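Dropping the structures in below, format is structure tokens.
You will see two complexes here that share chain A, one where it goes with chain B and one where it goes with chain C.
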Partner chain A sequence: MSDFLSILGEEFPQVRSGLWVTLEATVLGSLVALLLSFVLGLAAGSKLLLVRGVSRTVVEFFRGTSLYIQLFWLYYAMPPLTGYELTPLVCGIVAFGLNYGAYGSEIVRGAINSVPRAQYEAAVALNMTPFHRMRKVIMPQAWVQMIPSFTNLLIQLLKCTPLLWLLSAADLMTAIEHVRSRSGETLTTYLVLLAVYFVLAYALTLLMNMLERTAKRRLGLHTGAGSLLKTRTAEAAATAGGAR
Partner chain B sequence: MATESAPLKEPADAAPDPQVTGVEPLVRFDKVVKRYGDHVVLDELDFTVRRGEHVTLIGPSGSGKTTILRLLMTLEKVSDGVIWVDGSPLSHVRTPSGALKPAGEKQLRESRKKIGMVFQQFNLFPNMKVLQNITEAPVNVLGMDKDEAETRARELLDLVGLSGKVDAHPSQLSGGQQQRVAIARALAMRPEILLLDEVTSALDPELVAGVLELLGDIARNTNITMLCVTHEMNFARDVSEKVLMFDAGRVVESGSPEKIFTDPEHERTREFLNAVL
Partner chain C sequence: MNQSFQWDAVGDAFPLLLEGFRVTLLATVLGTLVAAVLGLAVAVAGRAPSRFVTVPVKALTEFVRSTPLLVQLVGAAAVFSSVEPLTIGIIVLGIHYAAYTSEVYRAGIDGVPKGQWEACRALSMSPRRTWQAVILPQAVRNVLPALGNYAISMFKETPFLAVITVQEMVFEARKYGADHFVYTEVFTLAGLIFLVASYPTSLLMRKLEKRLGH
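And now, the complex of A and B:
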């Protein structure tokens, strides 16, 4: 144990930068995923068959192929194929973004569909343009429904980042794994890893809960005290929001 | 909204753009058919509404009353026939050859300018406070100045008796209050035609009278043409000049409220009135 701590101390700069890489991969990966979720999710509701078809194909492809294999493709197969080489971190961001964007688009599509049709009709009766209807009426209401599901995806994405170790990216997993191999303290190392990822995931949950509260307050929905600390599930939130 | 719009022949009795005399009605249904699959909701419906007229549509559930309003608001497409508003086809455009074809979104938006609608379930936007519910469309659709729109919205809220609720969320209001806001929201767009779709049906009984009184005031003090689908026979009697009795997608009988309520000609009307009065 004392070995572990002293080696951890020596490796601290690497661990710290590893944590930074993990956070970068999570944040940037989820931003790519978020963008893709909206693009693909909105395209899924298009009137044009071609647009819907493209969205459907992209979603099925990235949802149906393993994240590992997507990572390996980007890192090992793309360079000989295209001549471009991406850094492990960029590979991670792209693969996480594509994979989780595919899942996220289903959340966007579902949330848009869950907004009562009457809202759309009221917007038509006020002669709003289709874009205006989506932006000011449908999307703000759908957004509240999306947040709990996005929280789940975000945490799953965080928990996938140790895969970067497979590409020898200098992420948190890689850095702490290095401490393990130097100290031989397998049990302690993996306990620390569990704890660190749990703390990160919980911090993200709290952030997302805050976001959800703000969004709900904007709809004039009551948000009970203490709900910030409650880990919400997508199901519970869906029924709460679905009653409207 | 899955309806086929059959290719349209020019209706036999429709003179091209019949804006000829001052007697042309504001709204004219010309052999309007609405089908859902095999189910015929409106069956070659003909009726007219004059400018400034207040018309109530009564009849049993499923007789197609609400469908008429939804067609006028372009929330549904006609299966056949043409609706004329102020001499122009509502949901059709003229091709160069003079025939009519279903209109696209752009033309529909042009048609919607004249028409406003209040819904049974209010349908206020929960993501906007009361004031913004009313100003959103005037500012972003009509291009009204924001301050002007807010001033007007406050006047309208005053009119509907809710000047204290400017900053409330719709969810904080009672059903009756929400419906008043919805009425103010529709009026803010200065419609020539106001469609009222069972606007009191979702309200608690004690709130109904207030909303009806408000609508009566609007009918008396404005020149807005009103089409109301309602089960409130008192409202039909007090506010409207014309009552249309529907059954099975057709107008069974139409006339002044006095006539319909005291001396109905048709057996179906008598049965219906006996059941609801």
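And now, the complex of A and C:
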């Protein structure tokens, strides 16, 4: 144990930069996913059959082929085929973004559909433009519905970042693996690594709960401070997991 | 450099990938079985009358659910290095997904009307009989589609087993790719096999969901 701690101390700069890479992959990957979720989710509600069809195909494609395969495809298969080569971190960000964007689009679509029809009709009656309708009436209500499911996806995405280790992207797992091979403390090392991911997941959940509280406040729904500490809900966990 | 797609490599690798696919399916089926049984046990334990049972159970599932499957797999394989990788893979997949399925069961159990519990008490049924004869048959029926969806998720995460040297489909794909240096073709093929297998299954689950009236 003391061996482990002293080696961890020596390797601390690498571990810290590894943690940074993991966070970078999580944050940038989820931003790509968020953008894609909205593009594909809104396209799924389009009046044009072609737009809907393209959205559906893209979503089913990225959901149906495994994330692992997509990541390896980008890293190993794309360079000989196209001549473009991406760094491991960029591969990760793109693959996480595409895969979770496809799942996220279902969340966006579902949340928009769940806004009561009367809200939409009222906005039409008030002669709002389609953009205005979405921006001021539909989206603020749908957004509140989306956040718990997005929280789950975010945690799922964080949990996939150790895949970067397989592309030797110098992420947290790569750094900790190094500590393990030097110290020989297998069990301790993996327990520490799991604990770090657990803390990260919890911190992200807390941030998302704060976001949800703010979004609810905009709708005039006030929640107590206790809601910040809640863990991910069973129902939302079921939808995100089921959609994975 | 631009290379064209080598179709003969596809034909060459296909039988190998199918061989690996059998291991993939085996891991999915057995992993789902572990997750279904263990998840149910966790959900029932979560309803125990004592806090000394419910609090650790809840904390443990939360921990398993919030930590990466890949780290769990690699860690378990390193700690229990004498056990066969496929066995470790199935058990770890099962435990990881049990953390999710237990929530599904919990929701299913919560969905059983309170009157059913009260009726059992009125008939002075034992707790065991209450669960077996009244609560679980109703709860499990409602959660079947959700469990099926988790099985599909697990199926798509089986490539993680390649990391601990289980010779499933992606392991075979990587090996073939490394031997012949044709990654593009084999990974594309492996991805398409996943798509072809998982898409119809997810459509089936959607149908089942509709039929059960969700």
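Following the convention adopted for this analysis, the second predicted complex is superposed on the first by the 232 of 244 C-alpha atoms of A that agree within 3 Å, B and C clash if a C-alpha of one lies under 4 Å from a C-alpha of the other, contacts with A are read in each partner's own complex, and residues count from 1 in each chain.
Criterion: a contact is a pair of C-beta atoms (placed from the backbone, for glycine too) under 8 Å apart; a residue touches a chain by one contact, two chains touch by 3 or more.
Just so we're clear, the structure is a prediction, and the values are computed from it rather than from any experiment.
Partners chain B and chain C fit side by side in the overlay (superposition on chain A).
After superposing the two complexes on chain A, the angle subtended at the C-alpha centre of chain A by the centres of chain B and chain C comes to 110 degrees, rounded to the nearest 10.
In the superposition on chain A, A:Q70 makes contact with chain C only, not with chain B.
In the superposition on chain A, contact is made by A:T186 with chain C only, not with chain B.
When the two complexes are overlaid on their common chain A, residue A:W20 makes contact with neither chain B nor chain C.
In the superposition on chain A, no contact is made by A:F12 with either chain B or chain C.
Of the two partner chains, chain B is the only one that A:V124 touches; chain C does not reach it. Touch criterion met: A:L163 reaches chain C, while chain B stays clear of it.
The wider contact with chain A, measured as residues touched, comes from C rather than the other of chain B and chain C. Minimum Cα separation between chain B and chain C in the superposed model: 22 Å. Overlaid on A, the two complexes show chain B and chain C touching the same residues of chain A, namely 244.
Touching chain A in their complex are the following residues of chain B: 73-75, 105, 109, 112-113, 115-117, 119, 121, 123-129, 136-137, 140-141, 168-172, 185-186, 189.
Across the complex, chain A is touched by residues 1-3, 5, 62-63, 65-72, 74-75, 78-79, 100, 103-104, 106-107, 146, 149-150, 153, 156-160, 163, 170, 174, 177, 183-185, 187-188, 190-192, 194-195, 198-199, 202 of chain C.
Every residue of chain A that touches chain B in the complex is listed here, in rising order: 118-119, 121-130, 132, 136-137, 140-141, 218-221, 244.
Only residues 60-61, 63-70, 72-73, 76-78, 80-83, 155, 158-163, 165-166, 173, 180, 186-187, 190-191, 193-194, 197-198, 201-202, 231, 234-235, 237-238, 241-244 of chain A touch chain C when the two sit together in their complex.
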